[in-house]
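What follows is one structure encoded as structure tokens, with my remarks underneath.
Chain naming follows the written order as A, B, C and D, and within any one chain the residues start at number 1.
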Amino acid sequence: MAGNSFGTLFRFTTFGESHGPAIGCVVDGVPPRLPLDEGFIQAFLDKRKPGQNKYVTQRQEPDRVQIKSGVFEGLTTGTPVMLFIENEDQRSKDYGDIKDKYRPGHADYTYDAKYGIRDYRGGGRSSARETASRVAAGAVARRVLESVPGAGITIRGAMVQMGPHKVDRANWDWSAVAENPFFCPDRQAAERWADYLDGLRKSGNSVGAVVEVVASGVPAGWGEPIYDKLDSELAAAMMTINAVKGVEIGAGFAAAELTGIENADEMRVGPDGKPVFLSNHAGGVLGGISTGQDIVVRFAIKPTSSILTPRLTVDRFGNETEIVTKGRHDPCVGIRAVPVGEAMMAVVLADAYLRQKAMAR
Amino acid sequence: MAGNSFGTLFRFTTFGESHGPAIGCVVDGVPPRLPLDEGFIQAFLDKRKPGQNKYVTQRQEPDRVQIKSGVFEGLTTGTPVMLFIENEDQRSKDYGDIKDKYRPGHADYTYDAKYGIRDYRGGGRSSARETASRVAAGAVARRVLESVPGAGITIRGAMVQMGPHKVDRANWDWSAVAENPFFCPDRQAAERWADYLDGLRKSGNSVGAVVEVVASGVPAGWGEPIYDKLDSELAAAMMTINAVKGVEIGAGFAAAELTGIENADEMRVGPDGKPVFLSNHAGGVLGGISTGQDIVVRFAIKPTSSILTPRLTVDRFGNETEIVTKGRHDPCVGIRAVPVGEAMMAVVLADAYLRQKAMAR
Amino acid sequence: MAGNSFGTLFRFTTFGESHGPAIGCVVDGVPPRLPLDEGFIQAFLDKRKPGQNKYVTQRQEPDRVQIKSGVFEGLTTGTPVMLFIENEDQRSKDYGDIKDKYRPGHADYTYDAKYGIRDYRGGGRSSARETASRVAAGAVARRVLESVPGAGITIRGAMVQMGPHKVDRANWDWSAVAENPFFCPDRQAAERWADYLDGLRKSGNSVGAVVEVVASGVPAGWGEPIYDKLDSELAAAMMTINAVKGVEIGAGFAAAELTGIENADEMRVGPDGKPVFLSNHAGGVLGGISTGQDIVVRFAIKPTSSILTPRLTVDRFGNETEIVTKGRHDPCVGIRAVPVGEAMMAVVLADAYLRQKAMAR
Amino acid sequence: MAGNSFGTLFRFTTFGESHGPAIGCVVDGVPPRLPLDEGFIQAFLDKRKPGQNKYVTQRQEPDRVQIKSGVFEGLTTGTPVMLFIENEDQRSKDYGDIKDKYRPGHADYTYDAKYGIRDYRGGGRSSARETASRVAAGAVARRVLESVPGAGITIRGAMVQMGPHKVDRANWDWSAVAENPFFCPDRQAAERWADYLDGLRKSGNSVGAVVEVVASGVPAGWGEPIYDKLDSELAAAMMTINAVKGVEIGAGFAAAELTGIENADEMRVGPDGKPVFLSNHAGGVLGGISTGQDIVVRFAIKPTSSILTPRLTVDRFGNETEIVTKGRHDPCVGIRAVPVGEAMMAVVLADAYLRQKAMAR
């Protein structure tokens, strides 16, 4: 309970620092006889991998996952699945300057305040590198969701805002997401973002973003009220991603501006006799339990704190100074957060599924 | 782990339905020798109590708390503190109409989908009445926070937006909060809100809101990375409150629009030699750990779903119908969420404090 | 996580002190649509109730249970079941003498060492009175087990040893258990025990016991290796009962004396094609998972520490003294532990069942 | 919560199968700034290592531990400590025969019943090989215990019974434990055991054992009543070790035969003003909380189920057959359980320490 695990029944524990020998996770609570191999997991890691274009960090990490346990002859056995990723491109020399100075917006000062020691190499444990582990765990979660009888659950993420520039929802095309370096579902927006981000990057600056993740096909009835509501679990999950500062479900903050008449998701009877909804302000969750509609989560990511522009700071000896964070950084860390958000959606849903199975009669 | 408990070391479990005989909670993990009596807890319950003015439900509930265990001669003993509140004004006849119809925006349909049974009286377990239990638990958490050596932690909440109408932060005065029925820190806004809400109420409508909760005096170093980050725990906590659809920390969604240069909370050395920050976009949390600055959380509440205007819906037999929710409802459920948000902040911090004590060297 | 809860999915939290206003528990993780009423639970409480004969404490407690939540129209709803028992016969004057002296064998000194405060009235939280709450929770667990498709699970307990006097297993008759005040399955032994215990009681002494609990009809496949093995959960469960100092499964400590040839539970194919075992040294659990055989647990209970014979002790001011524990005590606390052991078996199995349901494919 | 983790605040999760590529664990909840290196951990693994003499399995495993995270410049950082052990001597051919047959006394049948799949190579996950991971975690726990101010805690284990042959406590000498292959504290007994075990081994048989673990120097006040009592945690811990069938604390099952007069651990005032006890029937725990005396746990281990003598069994196709378990097995698996029992004592105490720190005032 020291904070490095996530989930109740489908539960993973991550380990590893940015510049240690390896990162990875142990996934416990994986039902038996699910097909699983390294190739399946690798495909998701590759989406998040650094070094793929000029808009993300140039660190060269193959992020090659190895399954060390829990799979036998291509199937899960019900025992813990251990996923192991060696760090290959640590290049520690890049980070020598941050040994003593606290980078604004980073966890440098708070880790020191909490632990009295910190692995400063590349941000150590607080580096976004940790998110590779959860993308791997998320792939396992997807296998669990594939096993839900008759559900056909899909989980898709997209970046919907870069800095002040939002996508035009009229242009939304899920197939566009794979065609640009921003996971942007609006082709025109993606072009404008490219120019915008180029400018920021060259000026030694960075920018925030908003990511949206949508799960379709989730049956009604998942989620555990009161304190493990599905939307609460999702909010917790997304807020654990590095640099996330806000989460909303469905209409989210916009719901605050609506009246009860506007916000009501009215219901009709669908062709199969089940209720259908005429709108989805609720984002697929009512009373913490899934409605059967799309589950829609958005989260806000602050701009990358590592920038080439000097900022005022202090060092751990109590001296005032300033810092420029050199190295290989994402000018918009929100980009690589898209596959991470998808992964967290998958693990939350896999956990909710197992919990619902336990209680169902 | 069926969802009715919150917290790791400071942990409470609630029980009870809107129209059952009683509600309450068991608070476990309360350190010994803290002063505690019913009067102290009652003061917080009275802030949330229904029936106090025309802007909240007219249900008449004294919400009188009784301590059934864990306190001896005025002090906590380290054993579970059981807090018990009898339901007095159930008036079940009001709710007969919702026995078979699903109210849009409520958990009626999802509880049926999940459990195949539901206590429809007043929303049963999914009623906001449950939040009285957490306000009581929050009072105990405040006692824990009072025991933090040399901290002087204060927790204060305010409503900062009603429908489209935001407070003017230039007018912010914490002392105004207690002077109007909206917990509004801007006296002028409070007056405008009164007119606005009167109109909505009379027209059988309702409206959403945004609440802000601020904790001051929290030392640096609280919070457990990676998956129990302080901001993740806060997001989870607030998202468990009925009708909440979004949570943000510090700059929150606005951070998505900022550049790295703008967003950096630069640091200087304070008079006591500790770091001070020149801004607080981070909302008092970096890397999931408190910075020592104010911890600032905001959450969005959707409009009350129970309205007097007919809405389309279905019943549990699969028939299309419409519904008008009569009864005694809050036209803006965000109002009474203010003390609930404060309580959740208190329990999250009490838990973080105990966890930090366990790991500190 | 402060120690007052038991179970993972089927999970209860108890509260209350011996001489406080009430005791009880919140049972979370109860599947919906199980029949439940106070009468069903009361029957189990009545088996454990004090004051029923001269061999148990003369405290007069009706132990009348009230269901305060989680049941609607006679069925569980999937929400927390709150069970409430008022204390009626506190008679605190009996216990004034132990306010400052530590009773040997009791938790008086350790509670003071841990908490720096203690509710000394009747042993406060450490009193065996707490076990009434778990007997109530155990009744709910039995309802869960009744819902296992096609299983027909029965849980029965018996006292198999009083002091040095063991039952003769050749005389074992489950129907005898209800016919004597000792839950003894051997009618002849029960008669001898009556004389033996009378003598001890009159001389101001007490004695230990061994209790055996057997669950029949549990399907193969329940239990979660490695650290939540079914036998580990049972050992933990029984060791939480007041005064228990040892637990064994199947052959238990006798297995240490066996050779591998003797200890092997050989297998044959049963009439239904499933494996059957030729013996049950394993006590129904292999590798932490149920085999389908009877699950057999025994636990040792130390003699009641409250005796009328003076014992040397100290007081909380650091003075040497001696103490005689007057009051109303069980001369053999093992007797009333039988229904408690049954209850703990039921809750462990209910939890194992729900966990197995979650993971099953 | 799928069973592969142990502990609440000091918490480890193990992974790996007997013949997979690796085993190991992630230890979370390790306080910062404790000295830790591979050599320190290796020393404990070496005590448990196979292949060291003719009385244990001849599998040749160096069990070389690698620290993959959580340590920086020789000190723990407060982040998860990942301990990794590669399997080197799998020799799978030895185990081909057990692919389809269920070995009596093993988890073969129950894993199949539970999961519908099983890694049969060397027992897979249910192999005692898993215990290497906990010995490694136990070494980290020892570092935590070393940091307890002024305590001087020592943890020592010994084998006290092999088959029917017990040690003579009059001969007890802790220094003898390291001098014989049985961890036996009685030099004369060790010699007799050598002959006895040689005979059993040569006849293709095996035998059970009893192990005792003693922790000295634990302060009064550790342990969390009611359901996380220190003795309950210890019972759970020991019962998770492969082949353990019974656990007792202090006088244990012998307490059942005592009277209250005999069993009372009378108290006097010690030279430092603290209570001292005139005996330790309680085994150092009262009401689930440590008394400050030695904490004494014993556990019974059944004879190794893998024997060279044919036993009746069935196969997974429902045929009756018999089996001889060839391969490299411990004739008395209790021997190598001694360092494992010590490790489990260490992790239980480390967890209890952190929990007590959290609640202390």
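What we mean here is this: a contact is a pair of C-beta atoms (placed from the backbone, for glycine too) under 8 Å apart; a residue touches a chain by one contact, two chains touch by 3 or more.
The shown structure was predicted, so the numbers you read here are calculated from the model rather than taken from an experiment.
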Fill in the blank from the handout: The larger set of C-beta contacts, choosing between A-C and C-D, lies at C-D
Practice task
Average the CA atoms of each chain to get its centre, and name the chain whose centre is farthest from that of chain D.
Solution key: B
Problem - Centre distance in Å when chain C and chain D are each reduced to the mean of their C-alpha atoms - result: 26
Completion exercise
Expressed in whole Å, how far the mean CA point of chain A lies from that of chain D is 39
Practice task
Let me have the rounded angstrom distance from the C-alpha centre of chain A over to the C-alpha centre of chain C, please.
Solution key: 46
Practice task
List, in ascending order, every residue of chain A touching at least 2 other chains.
Solution key: 1-5, 8-9, 14, 29, 32-33, 78-79, 114, 116, 125, 225, 355, 359, 361
Completion exercise
Given the complex, residues on chain A that touch chain D span 1-5, 8-9, 11, 13-17, 20-24, 26, 28-30, 32-33, 66, 68-70, 72, 75, 77-82, 114-119, 124-125
Handout entry: Complex interface listing, chain A residues touching chain B
Key = 1-6, 8, 14, 102, 104-107, 109-111, 113-114, 116, 125-126, 130, 161, 163-164, 200, 205-210, 220-229, 231-240, 245-269, 273, 275, 278, 281-283, 285-292, 300-307, 309, 311-314, 318-320, 334, 355-356, 359, 361
Handout entry: Residues of chain A defined as touching chain C within the complex
Key = 1, 9, 29, 31-33, 78-79, 147, 225, 354-355, 357-361
